[in-house]
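Each of the next two complexes has subunit A plus one more chain, namely subunit B in the first and subunit C in the second.
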Partner chain A sequence: MAVPGIAWLIILFILPFYAIAAVAFGGLDPIFAGPAPTWNPLEWDFTAFRTIVGELVSGGPAQIFFRRTLLYIAIAVSISITVGYPVAYYVSRHGGRLKVLLLTLMIAPFWMSYLMRMLAWVNLLSDSPETPGLINQLLVDATPFFDSPVNWGAGNAAHMTVILGLVYGYIPFFILPLYAALDRIDRSQLDAARDLGGSPRSTFWRVTLPLSKQGILAGTVIIMLPMFGDYYTPDLMSGQNKTRIIGNQINSLIHTQGKAPEGASLTLLLSGFVAILMLYYLISVSRAAREARR
Partner chain B sequence: MSLAREVPVGATTAIRASWFRGFISNPWAKPRFLAGFTWLYIIWSIAPVVIAVQISFNAGRSRSSFQGFSLQWYQGIFDRASENFDATLLAALGQSLKLAVITMPIATILGVGLAIGLARWRGRGSGSANALMLFPLVTPELVMGTALFLIFANLFDTFVKLGTTAQVLGHVTFSLSYVVIVTRGRLFAIGREYEEAAMDLGASPGQALRRILLPLLAPAIFASLFIVFAISIDDFVISAFLCIEGCTTIPIKIYSAARNAGNPSLNALASIMLVSSLMAITFAVLILRAFNRRQGNTRSAVEDFARLEI
Partner chain C sequence: MVFHPRDPAYRRSLTRRDFLRRSLATGVALPSAAAILAACGPGGPGGGAGTGNTPEVRFGTPDKPVELQLFEDNAAIASELEPEAGPLVIYNWENYTWKQVLKDFGKEFGVEVKYETFYNLEEAVAKIQTGEVTFDVFFPTMDVLPKLVAAKLAQPLNHDYIPNLSNIWPSLQDPFYDLGSRYSVPYTIYHTGFGWRTDLLPLEVEEVAAMSNPYDIFWEHGPVGKTAVYDVPRDALAMAMYHLEGSAADPNTVDPAKIEAAKNALIELDDRVGLEVNIDIAYVQIPEGRMALSQSWSGDMLATPWYAADPAAEAGSFRYYWPARDGFGGVIDNDLYAILKGAKNPVLAHHFLNFMLDNFNAMKNFSWVGYQAPLSALDPADVIANGWPGLEGYFSWEYKGHWDNLLPAVVTDQDLEVATRFHGLPLAEETLWTNAFAEFRAGAS
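This part shows the complex of A and B:
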C-alpha cells in the first residue's frame, strides 16, 4: 500500500534533487542560453560551482547575502523565543477554561496564507501621502516626532521591517511545538520541586526550562528552515537591494539572470547547510514519537 | 524629602519583581503580566489580517485607509459589468481553487496508503521510508521549488510542461506528508486489535482493511482532504516556480501586486482565500472532534491539532 506513495516521492522528490546537481554541474546551452543539464556524473563540469564557492570564500555577492541571511535569522529567532516562550508558557500552564479559545487564536495564523499576512503589513506600513497606513497615521497624528509618513521599506528601517515580517510570519510555527513540549511536562514534577523547597523561580529555571529545552530547539529549527529558503518576505516588505538574502539571490539567478548553473550550485550549498538542521529535527521528532508510543 | 522619593521607587521595583516572579511562575499564582502579554501577542498576530479584510470592503480606492463600507471590490472580481472588473483576479481565484480541488483526492489517497503501509510494515527499509516521508516537511520550499522547476524544465518537459499539471504534481508532493501524519496519528490511536480480531474471525487482510480499518480511519481521511485543500490554496513558492504563464494563483498575484500602488481588490481576493482555507481547517477540526467524542476522548480536537508534530 505504501508503494505508490513511495514511488511518487522518489520520482518527484529525490529525483528532482538530482536535477539540481545535474544543472549545477552542467553547462549552458549555447544557442538558447537555457541550462543544459549533465545527467552523467562522469561528465560533470564544476565551473559554476567553483564560481559560487569562490564568492562565498572571498567576500563576493554570495557571501554578502549569506551573512545577511544569518544575521536576519539570528535576530528573528531571538525575538521569536523572547515573545513566543511566555505565550506558549502561559497557554500551557494557565490557559484554564480559555485554553481552547487561546489555542484556536494561536493556530489561526498557521492556516492563513503567508502572503496574505505579509500583504496585511504592507498595507499597515504604507507611506502613501494621501492615505497612509495605520502605523504612519498614528505616528504622524498621535505623536510629535513625525511630520510626514515614514517609508518603512527603505533606508535603515528596511532591515527592521524585513525582520518584523519574518517574526510575524514564522512565530506561530515556533510557538506550537514549544506549547506541545510545555504541555507534556508532568505537573507532579513541578509539585515535587515545590514540595522539596524550590522557590517558584528555581522551579522554573531548574525544572520547567530544562524540560522544555527540546521544544525550544524544535521550534527554533522549524522556523529557521523556511527562513533560509525565504525570498518573498524581503521582496514584499522592502523590495530593495540592501535587504536581499540568499533566497532572493537563488531566485534571481535562476529566473531572471539566466544563470541556472550558478543558482543550482547555490541551492546545493544551501541544502547542505540546512541538512544539518533537518537531520537534527527529524531525529528529535522520531525520538519524541517513540517516547510517546511507549 | 529623601524618604518621600524613595517610596515610589521601591514600589516600582516591587511591581517589576512581581511581574518577573509571575513570569517564571508557579502553577498556583495568577500571572497577570503573562496573561496581558499573551493577549497582546494574539491581538498583534490577528489584527493586521482583520484590518486587511476590513479594507477589502473599502468604499475608497485606498488599500491603506478605510473610507466606508462597500462591496465594489468583490464585484470587481466576479461582476464583468463592474467598472473595477479585472479578469486576472477571477483567473487567479479559479486557478487556486482548481489546484486545491485536484490535489485533494490524489494527495489523500496516496498519503493514506503510505500511512497504512508504513504503520504495518516492520522490515528492512521501513526506517528509510519513514524518513523519506518526513523530508518534504522540513525541506525549505525554495529548495524543493528549485528542484521541481529544474526537473520539469529539463527532464520531464517532453510529457509535462510547466503549468497546471506540474503545479498539481508539486502540490501533491508537499501535501503528502501532512496526510501521512494526520492518518498515522489515528492509526496509532486505533491500534491493531480490530484488524486482528477481524482476521481471527476469518476475514482476509483485504477485507479487514476495507471493512474495518478504512471505516475507522474515515475521520482522518476526511480531515486530510480539508487540510490538503488549505495548504494547497495557501502555497506560494511551489506554484510560482512551476508556472510560466497562465497559471497565476492568488498568492502569486499577491506577490506580484502587493508593492504596487493598487486598489483593495487584492485584499478582496486575499480575503476570499483566507475564508476558504479557514473554513477547510474548521471542517477538519470539527470532523476530528466528532470522532474524539465517539471515542470518549476528552481532549479537544484543537489541542490534538496543536500537538501534531508538523
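This part shows the complex of A and C:
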C-alpha cells in the first residue's frame, strides 16, 4: 500500500535533494568550472557550504538576501491574508448559487501564464514618456497628486512593486484552500454562537476565525513555498539590486562560473529553513486533528 | 592560415613537455584535472606549436597570442567531401541569427536547418558535455573556446571549405585567442559603450565627448531610476574601472584592490540612482523609455529602432558613444562560430560558416540581428547613408526614418587599434570579479 507514497518520496524529494547535496559538497569541472557532483558522502567537501554559512553569519550577501526575502514574504503573506480572507469569506458565506461562478471569475486571470501576467503589469506600470502605462495615465490625469508618471520599478517604490507582484501572483492559491476551510465550517456552530448571545463580530472572532485557522495556515504554506523560490517576479517588476531576493542569488550563483556549489549550498540552507516552517505547520495540523477528535 | 592534420606541425608535441614539468612539480598523476588547471592562464604557453595530446586551457592575450592545441584523436575533416543530408543543427542564443538567412542556406544546400537555443553559455556547455543532444554549429565566446578545445568538444576547421574567411578583417583572420583560426571564425563584433535618449537625458554626443572622462556620465548625469548597467560582471566592473582610472584602466586586471574599488564605485552609483542591472537594458528598455542611460553593446544600440513604440518620434533621440575613439579607453569583444566535435554534419557545418561569411549573407543577418560581422567590405558611413545593394530598407536605421545618429554604433577595424580586448582568466582570478559583482548585486549599503 505504501509503495506509491515511498516511490513519490524517493523520486521527487530524496533523489533531487541528494543531487543538490552532491553539487553543494562536490567539486568543479576542471575545464569549465561547472558543477562536478560528488556522489559519495564520504568524499564530500564542505568548503562552499562553509562560505555561504560564513556569509550568513557575517552579514555577507547571503544574509542580505535572506533578510530581504523574509521581509518581502512576511509583508506579501500579510497582505494576502488581509485581502484574501474577506474574499474567501464572502464567497463561502454569501456566494449562494453564484459560488462556483465567483470562484471561476476569481481564478480566470490565472489561466494565463505567470510570466505574461507579470509582463502585463510591467506595461500597466510603465512610465515611458511616449506611452505611459494605464496606471500612470490614471494617476496623472485623474488625480491631483502626480504631475508626472511614477517609476514604479525604481527607488523605494520598487520594493512595493515587487511585493505587490508576489501578492498578485500567488493570492489565488491562498484564497482557494481558505475558501474550502471556511465552506466546511458547520453552520450550526455559528448558529449556536449566535443563540448563546454572541454578536456577529464576536462570533467571527471566537468561532469562525479559530475554525478557519487551518485554512489560513494551509494557504500561507502554499504561497510561501513558491515565494521562497521565486526570482522572476523581482527581475520582471524591478531588476534593481535592492529588490533581489534569495531565489535571484541562487539563480546567479548556479549560472556563474565556479559558483554552483555555493548556489546549491544556499539552496540546502533555504530548504532547511523552509522545513522548519513546514514542521510547525505539520505539528499545528496534527494538534488540530487531535482536538477535533476529542 | 590554412591548417590541415597532415601538416607536420600537427605531430609536434612541444607543449607536452611543459605539461609534464608542471604536473611533476605539483605531484599529480596524468592526466589529471589539476594538471589541466595548472596549464591555464592568460597566455598559457603562448605561441607554442599548439599540438600534443595533453589538453591545456590556453587563454590568449593580444600580447601573448596562442595557438589552440590540435589532437591526433580530433582531426579536421578531409577536403572535398560531399555535404551531408542534414538536418544541420545550429546551437545559439535566442534571436542571434536571422532565421531567414538560415532558410536561405537550407534552400541553397537543399537541407533542413534547425535552430536550437540556450539561455546562457554555462547551460549550453553543460548540454554539449552530456553528448545526449548533438549540435553542429555552436557560438562560443573567446574565453569559452579554449575550454571547448581542451575538452575536445570542438573540432578543428578545414579552411579549404571556408574561402570567405578572407572577407573578414585581416586582424581577425589570425586572432590572438586562436592563431590561424584553427577552431573558430568570427561571427559578430561589438564594443561596449553607452546609449541614452536625449529626451530623457538632454546631452549631445559632443558634450559627452568633451567631459574630462565620458564614463563619468553615469556618476554625474545618470537619472535616478533610469540608469542601467549590464548584468555581466566583467562588463559592469570594467566600466567602473574606466570611470576611476580613465584610459589607464585594465579590464583584465587581477589586482584585488582595483576590482574592489570598481565594486565600490558601482555600489556608490547604485545608491545614488538605483541601478537597473539586466541584459535587455539597451535594446529594449532604452527604446521603451524605461531607461534613459544604459551601458550598451553597440549591436544592442543598433537594434533600438525596432523596439521603439513610435520610431518616427523617438529614434532620433537615441545616442551611442564609445569613449575609446576619443582616447578614454574601452572594450571590444567578438563572438565566434565553432563546429562541435560531435557534429553529425561537419561538412555541411563548414559550408554554413562559409555561407555566413559571405558579404551579402552576413549583412542580411546584421540587418536583423543588429550585430555586425567584421567585414572588410563594410564601410559604416556608406552603409548608413546608402544601405547595402539588395538589402534596401532592411536595416534598423532605415526603419520609419533615417537614423544616422546610430552611426557611431557601427564598429570599424580602426576601433580595434584603440580598444582593449577582454581575455579569459583562470578560475581563481575570474572569481575575484564574480565575487565583487555578487557583493554589488546584493544591493547592500
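We adopt the following convention: the second predicted complex is superposed on the first by the 257 of 294 C-alpha atoms of A that agree within 3 Å, B and C clash if a C-alpha of one lies under 4 Å from a C-alpha of the other, contacts with A are read in each partner's own complex, and residues count from 1 in each chain.
Heads up, the rule we're going with is that contacts are C-beta pairs under 8 Å (C-beta built on N, C-alpha and C of every residue); 3 or more make two chains touch, one makes a residue touch a chain.
Note that the structure is predicted; figures quoted are calculated from it, not measured.
Comparing subunit B with subunit C, the partner in contact with more residues of subunit A is B. When the two structures are aligned on the shared chain, A:Ser128 is found in touch with subunit B and with subunit C. Of the two partner chains, subunit C is the only one touched by A:Gly258; subunit B is not. Shared-chain residue A:Met112: touches subunit B; no touch with subunit C. Contact with subunit B, but none with subunit C, is seen for A:Phe13 once the two complexes are overlaid on the shared chain. When the two complexes are overlaid on their common chain A, residue A:Ile64 makes contact with subunit C while staying clear of subunit B. When both complexes are overlaid on chain A, the residue A:Asn241 reaches subunit C alone and has no touch with subunit B.
Put simply, subunit A uses residues 34, 126, 128, 130-131, 153, 235, 239 to touch subunit B in one complex and subunit C in the other. By the touch criterion given at the top, residues 21, 23-27, 29-31, 34-35, 37-38, 41-42, 45-46, 48-49, 51-52, 55, 60, 62-65, 67, 110-111, 113-114, 116-118, 120-121, 129-136, 138-144, 146-151, 153-155, 169-170, 172-173, 176, 180, 188, 230, 233-234, 236-237, 250-251, 254-255, 258-259, 261, 266-267, 270, 273-274, 277-278, 281, 300, 302-303, 305-307, 309-310 of subunit B touch subunit A in their complex. Looking at the complex, you find that subunit A touches subunit C at residues 28-34, 60-61, 64-65, 68, 126-131, 151, 153-155, 158, 235, 239-244, 248-249, 252-253, 255-259.
Those residues of subunit C lying in contact with subunit A across their complex are 33-34, 36-37, 55, 57, 120, 122-123, 125-126, 129, 144, 147, 150-151, 199-200, 224-226, 233, 270, 274-278, 288-290, 309-310, 313-314, 427, 430-431, 434, 438-444.
Within the complex formed with subunit B, the subunit A residues making contact are 1-6, 8-10, 12-17, 19-20, 22-23, 34-35, 37, 39, 83, 86-87, 89-91, 93-94, 99-100, 102-109, 111-124, 126, 128, 130-134, 137, 153, 168, 171-172, 176-177, 179-180, 183, 187, 190-191, 194, 200-201, 203-205, 222, 225-226, 228-232, 235-236, 239, 247, 250-251, 254, 260, 263-264, 267, 270-271, 274, 277-278, 281-282, 285-286, 288-289, 293.
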